[in-house]
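Labels run A, B, C and D following the written order; every chain starts at residue 1.
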Amino acid sequence: MSRNIFVEKLNQTFIEDLDIEIVERKGIGHPDSISDGIAESVSEALCKMYMDELGGVLHHNTDEVQITAGESNPVFGGGQIIKPIDILLTGRGVSEYEGHKLPLDYVAIDAAKEFLDKTVINLDVNRDTIVECKIGHGSGDLVDVFKREGAPSSNDTSFGVGYAPFSEVETIVFETETLLNSKAFKKDHPGVGEDIKVMGLREGDKITLTIGCATVSKYLANREEYIACRDVLKDIVADLAVKYTDREIEVFVNTADNDNATDESGYYLTVTGTSAEMGDDGSVGRGNRANGLITPCRPMSMEATSGKNPINHVGKIYNILSNEIANDVAKDVEGVKQINLMILSQIGKPIDQPKAASAGIILEDGYEMGKVSPQVEKIIDNWLENITDITEKVVQGKARTF
Amino acid sequence: MSRNIFVEKLNQTFIEDLDIEIVERKGIGHPDSISDGIAESVSEALCKMYMDELGGVLHHNTDEVQITAGESNPVFGGGQIIKPIDILLTGRGVSEYEGHKLPLDYVAIDAAKEFLDKTVINLDVNRDTIVECKIGHGSGDLVDVFKREGAPSSNDTSFGVGYAPFSEVETIVFETETLLNSKAFKKDHPGVGEDIKVMGLREGDKITLTIGCATVSKYLANREEYIACRDVLKDIVADLAVKYTDREIEVFVNTADNDNATDESGYYLTVTGTSAEMGDDGSVGRGNRANGLITPCRPMSMEATSGKNPINHVGKIYNILSNEIANDVAKDVEGVKQINLMILSQIGKPIDQPKAASAGIILEDGYEMGKVSPQVEKIIDNWLENITDITEKVVQGKARTF
Amino acid sequence: MSRNIFVEKLNQTFIEDLDIEIVERKGIGHPDSISDGIAESVSEALCKMYMDELGGVLHHNTDEVQITAGESNPVFGGGQIIKPIDILLTGRGVSEYEGHKLPLDYVAIDAAKEFLDKTVINLDVNRDTIVECKIGHGSGDLVDVFKREGAPSSNDTSFGVGYAPFSEVETIVFETETLLNSKAFKKDHPGVGEDIKVMGLREGDKITLTIGCATVSKYLANREEYIACRDVLKDIVADLAVKYTDREIEVFVNTADNDNATDESGYYLTVTGTSAEMGDDGSVGRGNRANGLITPCRPMSMEATSGKNPINHVGKIYNILSNEIANDVAKDVEGVKQINLMILSQIGKPIDQPKAASAGIILEDGYEMGKVSPQVEKIIDNWLENITDITEKVVQGKARTF
Amino acid sequence: MSRNIFVEKLNQTFIEDLDIEIVERKGIGHPDSISDGIAESVSEALCKMYMDELGGVLHHNTDEVQITAGESNPVFGGGQIIKPIDILLTGRGVSEYEGHKLPLDYVAIDAAKEFLDKTVINLDVNRDTIVECKIGHGSGDLVDVFKREGAPSSNDTSFGVGYAPFSEVETIVFETETLLNSKAFKKDHPGVGEDIKVMGLREGDKITLTIGCATVSKYLANREEYIACRDVLKDIVADLAVKYTDREIEVFVNTADNDNATDESGYYLTVTGTSAEMGDDGSVGRGNRANGLITPCRPMSMEATSGKNPINHVGKIYNILSNEIANDVAKDVEGVKQINLMILSQIGKPIDQPKAASAGIILEDGYEMGKVSPQVEKIIDNWLENITDITEKVVQGKARTF
C-alpha cells in the first residue's frame, strides 16, 4: 500500500532572507524544560521496566508534570531553600499485568529524581524537592494496541512537524545554551546555573542575543563577583556566536538586573541554579519543540513530545520523525536549501500510514523539483517503513524531545 | 520616542494557495482547554478581587493548572463517576497587602469551579472534581512594577504573534466547534459533550474534517442512539462547512469507534462530556493559541496566554495584541491579503516600546507596499500607544486567550 | 465452647467518692470530632455501597482523616474564609470486586461532605473545604475474612473498654454539649458554633465547667452582642447542670477572651463555627472515646472507634460492645453500683471468643458478688453470642463512636 | 501564691493485685509511633531553628502527621516497594519573624526524614517515602505568649496524667520492645523489623505476651528461616520476661500467621520492617502515652504529647511533668506503693499555677498519709516551680513522648 506522501515546492522566503527572525531556547534548567525532561525520563524508565519485566512496552503516557515553585533565600556566598519545589507526576500507565504488580509509582519517582540529580548540579534533590506521583492506570483496550501485528495504530488524530537545516540564529541560540550547560563550562564557571533562557533576534544582518541566566549564589561571594561572572558570560557568548555567523552580534545578559543595587535584590541569584526554587512554575510542552527550539518563523506543533509513549503516540513519534526526515533530506538531497515537513495521523490507522506526509522544499538555484522530489519521497517513505526505529531510539534515550 | 516597527512584504505563498494546510481546535471541554479556561478565569477573578479591595491589580500569574484525570464508568443511558477529577491550581499572587489579608485561595478555587460549572454542563463540579490550590505568594519587587508611572515594564523577554485573516479551513474548524458547543445546539443535542476536537486538513481543494467528540452517556440510551447522534453530527458539520467554502468537504466523527461492538467499549462515551473524567489529563498552554486555533502552517508563539497577568506579562499581552492588530490591518487596510505579525519584548523595558514589532504583508494584486506600509505602521503604533486597552479588555473577560 | 469471661469485685473508690474527677467532651464541631465523624460516615457509606452493590460488606478501614486547618478573617457581623480547610481521607477499601468497579473515592468524598454539611451549619462545604481521598485498596486475604462461616475472625490483637453508669460530672458534660449543639438551641442562638469543648472538674462537691465555644461572627454584630451571647451561654449551662446534681456549680465560658479588647482580636470568633477554619487541625481517635467522653479517672482504650470496619475490627466492635454491656449491667443487674469492662481479642480468633472479657464490679451496700456475678456473666455471654448485632447497629448508623 | 495541690489516699486495688491487667506498647516502627516520632522530631528541629536564628522558641505545634500507607511486594530473600509511603506534616509554626524568613518547611521535612532514617533501618527514606508539608503559619497573638515575663500562660484547658511505678507487666512489655528494637539485637537479628506491637495480658499470676512483629524479607531467605526467626524471638522474649517476674509466662509471636502456607502469603513479611509500607496508616496520638505504654487499667490522657510546643502547650508539658513527678514520688518517698497524678490547666493561666494538681496514693503497709502527703506535695510544688525544666528537657530531645 503506497503512502500519502506529498512533496511540493515551497513558495516562501528562505529563512536567512527574512528581515526579522526570532528564535528561543529554554535551557535544561528552566522549569518548563525540567518538566519536559522529567516527563521523558519517566517514560524511558517505564519502558525499561516493562521491557525488563514483561519483554515489551505497555501503554503509558507521562507527558504531564507540574512543577510548583518553592521558596528560597539566596545571598551572595550562600543562601538557603525555604520551601522545597513541588513536583507532581501525572499521566497514566499499566501497574498490574496478568496478576503481576509493577512498581509504577516507585520507578516513576526514581526516574524523576535521577533526572533532576544529573541535570541541576546544585540541587539537592532529596531536600530541595518533593516528588509526588498521581499517575493513573491505563485502560485495557489501549493496552491491546500494543499486541497487534504490524505497525501500531495511531492513538490520536494529530500531527508532527519538522524542518531543516537550522538557520544561523537557530544554531547560535542552540549552541549557546549547549555550551553554557556543558560539563566543561560548568567546571570553569560554577556560578552559572542551568536555568538559562536564550532569545535570539535577527533584524536583517544584526543578531541580538538576550540571555537570562540564573546564577548560583554560593559561588558568587559578592556583587563584584556576580557582575564579573555576567561580563564573562557575555564575552564567551559573543565569541561563540562569531563562529557561526558573519553578521553583527550584540549580547545582553540579565537585562533585568539593577546594577545600582548593592545587595542581592538587584541581581538574578538562586541557591540551586534554577528559578523553580523561588517562584517560577513549570509544565510539560510549554517550552522547546522536539528540535530544541521555539521558532515562531517556522512551522511548529503544539504537541508535547516529552513523556508520551513511543509506541503509538503519534504526537511524539511524528514530531521526532519529522525532524529526522528533514535533517536527512537537508543533508543528503542535493539542491535542497530548506525543507518543511508535516505528518498528520488519523486515529486508529497504522502509524506507518499517515493521513498525509507533506514536504515543502526551497531549492538551491539551478535545481528542479522533478529531480529532487523523488529523492525526498524515498527518504520519507523509507523512514515510514522503518518507523519503529524511532520507537527504539526513544526507548534507548537517544531522541531529543525538548 | 518612536517605536521599533517594521513592515515588510512577505514573500510567502498565500495560505489558501498552499497544497496542504492543517488546522486544529481543541473544544472548550478538552482537558487542555479546560485548563486554559480555569487559568484565565482565576486571573480574571483575582484582578476583580484586587480592584474591588485595593483599587488596582496586584501581581499574579495563574497560568499553571494541572488536571489529573478521574475514573468513570459510563454506560448507555447512565453511568457514574468512580473517582473525581483532580484539579491543581498553581502560580502565584499577592495574598497580603499592607497588613490586609486577601482571600486569594478562596477566590481562585471559586473562580475555577464557576468556570467548570458554566462550561461543562453535565459535570457536577462539587462532586466530580476536587480543586486544590497551591498558588504561592509573589515577591515584593515584582509588585512594584505595577506602581510605576507610564506603561508598565515587560516582565520578561518574550514575544507574541498573530495573523489575519482566517483561511477557509481555519474558519470552518473554528465555527464547527463554536456551533457544537453553543447553547442552542446543546439544547437540541444533549448527548453531545463539550470535549470536541476538530482537526481540519486541506489537500488542494479537498477539506477533511476529523472530529473527536465525547458523548454524554445518560442521553444516549443505547448503541443505536449513539450512532444516530454521531451521524447527525456529521451532517450538521458538513452543512456548516459548505457555508464557508466551495471546496469538497468530507467529515469523520469518532473514527476510533468500533461499530462491531455491542456494548459501551466500542464508543466514545463519557458521563460528563469530557474525557478528563476518565484518563485524559490537561494543562495550560498546550492547546489552542490565543486566536483559538492550532496552526502549524502559520506562525505561532509557545507562550500560554491564559492565566498570565494582563498588566505586564508580555507573553499574554503581545499575543492578544498581535491578533487585534492583525485583524484590524486585514479589515481596514485596502490591499492587504494576509498579515503575519510578531512583537518581541525585552525584560524591563516599557511594554509600549517593544524591541521589535514586525509585520509581514502579502498584498492583493495591484497594490504596493509604499502605500500600504504607512497605514499598517500607524495601526501598530496606535495599538502600542493604547496598549493598556488590552489590559482593560482582559480584566473585563472580553479577550479570547484559547 | 465456653467464653473467657471474668467477673470480679472492683476494689476501687466509687467514681462519685473520688476527691477529684476530670471529664472532657469535644463537641461535634471540634476538629478532632469532625475527623471522627467523617471517618465513621465514610465507613457507613462504604458499608451501604457494598451492601447495595454486592449484598455484603467488603473489607475497609477509613479510620484516618487528617484535617489541615484553613485561614479565615472573622469580623463582627461578617468575615470571610481566606483559605479552605483541607480534609484528607485515608485508610483502605476494596474498589474492584470480581471485575466490577466500585465508586470508592466518589462515595467516600460524598459521605464526608454530607457529614460536614449536616454537622457544621454555617460551613459552606463546597467552598470552605477541600476533600481529598487517598484511600488505598485492601488486600485479598483480608477480604476473605468476611466470607467465612461463623463469627468473623479478629483482625488484630486489641481491646475495648467500657463502664457504667455515668457520674454526675460525666452526665453534665455530655448533656451540656448535647444541648448546645441541638437544633432547637441553635435556632435560638445562631451565634453559637459547633466547636464546643466542655471540661468538667469536680473537686469534692464543687463542679467547675470550663467551656470553650467558637462563635459565628455574622450573627454577632459587635463586642456587646458577643459578650451577651457568652453570658447567656453561661446561664443556660448553669441551669442545665443543676438538673443533674446538687453540688455547687461554677461555669466559665471562653476564659481566654480579653474583654479589654474592642475589636475581634480579644474574642473567640469564627466565620463557620469551627476553629478548623483558622488554625486547629484535627484527626481521628484523638478526642472522645466511644461513649462520647474523655475520662482520665476511668479506664479508656486508645483505639479510634470511628471509621473502622464493623465486621471484624475488634478495636471498634469491642469498644462499642463494652459500653453496651456495661450499660445493660448497670441498668438491669440489681446491686451493681459501677461496672468497668475490658474485652481483649487475639488476632485470628473468632470475635465472639475473646481472649478475655473481664468485668470489675462495685456493689451497692448489702449485695454480694455470688448473686450478682452470674447475672453479669450472662449478659456478657449473651452479647458475645449476638456480637453481630453490634455490626448491624453500626451499619445502620445507630452506634455512637465519639 | 500557693498552688492548687491535692494529695489524697487512693482507695483502689494496687495494680499488681488486680485480677486482670492489660498493657500494650506500639514499637518505634509502628505507623502510629512513627507519626509520633516525626511530630516530636519536627518540633525539636523547629525549637532548634528558632533558638539558633532568634535566640528563643517561637510558637508552633506540629502534633499532626498523617501517614498514608504505601504498597509493597515482599518476597522471601527480597521484594520491592511498589508505591512509597506518603507522609503529610501539618500543624503550624511561625515562618517569618520581623521580616526575616525562616526555612520552616525545609527544616520540618528534613527533621522528619532524619527521624525515619535513624528509626527504620531498612527504609530507604528518599525512595520509600514522600514527605509533604502543609504546616501553616501561627497567628501573632499566640506568639506574644512567649514574650511575657514569668511562666508562660496555658494555651488550653487541658490535663496531663501520670503514675508510678510500672507494674511487672508494664515493665516486661516496655523492656521487650526496647530490647527487640535495640541496636545490638538488630545486629544479631536483622530479619526483625521495627514495627513490633507487644500486648501483655495478666490474668492473676499468668502473663501472656502477644507480639506482632514485621519481619524484613531480604534477610529471611525462605519459610524455614522465617519460622526459625519467629521461634528465636519467642525464646528471647520469654527469657527476658522471667527477669522481671516470677509469674507464669506465655509468649505468642505473629499469631495471624498461617504455617500451612508455603509462600509469603501466610507470614508477616515486609520489605522495610514497617507495615506502613503496605496498608497500615498512622497518625499522632493514637498509640503510646507519654510513658511509652497504653494502659487501660491506669489513668490516661487523650492528649497527643508528641509534636506540641514545649513552651506553653499544657497538653504536652503536663503529661511529661506528671510522669516525672510520679516517678520521683515513687522513688523518693518512703511508703508510697503507687501514685496516680492528674494536673489540670485553665487556658490563659500561668502553667506553673494549674487549676488542680491531684495525687492519689496507695501506701505501703504501716505508713500514714499524714507523713507521706507533705513530701509528695513538696515534690509536686518543686516541679511546678521549675516547670521550665520540662521545656528544657524537651528542647534537648531528652523527654519521652511516646
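Quick note on the criterion: a contact is a pair of C-beta atoms (placed from the backbone, for glycine too) under 8 Å apart; a residue touches a chain by one contact, two chains touch by 3 or more.
Computed from a predicted model, the values in this text were never measured in an experiment.
Show me the overlap between the contact partners of chain B and those of chain C.
The common neighbours do not exist; no chain touches both.
Compute the centre of every chain as the mean of its C-alpha atoms, then state which one is farthest from the centre of chain D.
With centres defined by C-alpha atoms, farthest from chain D sits B.
I'd like the Å distance between the centres of chain B and chain D, where a centre is the mean of that chain's Cα atoms.
Chain B and chain D have C-alpha centres separated by 56 Å.
Whole-Å distance, chain C centre to chain D centre, using C-alpha means?
Chain centroid spacing, chain C to chain D, equals 23 Å.
Could you check chain A for residues that touch two or more other chains and list them?
If we look for residues of chain A contacting two or more partner chains, we find 71.
Going by the touch rule stated at the top, which chains touch which?
So, checking each combination of chains, I get A-B, A-D, B-C, C-D as the touching pairs.
Under the touch definition given earlier, write down the residues of chain C that touch chain D in their complex.
6, 8, 10-13, 17-20, 22, 24, 64, 66, 68-69, 71, 86, 88, 90-92, 134, 136, 138-139, 141, 157-159, 161, 197, 199, 201, 203, 208, 210, 212, 252, 255-256, 265, 278-279, 281-287, 289, 294, 296-297, 299-302, 304, 342, 344, 346-348, 355-356, 358, 360
Taking the touch rule as given, give the residues of chain B at its contact with chain C in the complex, in rising order.
My answer: residues 71, 73, 80-84, 95, 101-106, 109-110, 113, 126-127, 130-133.
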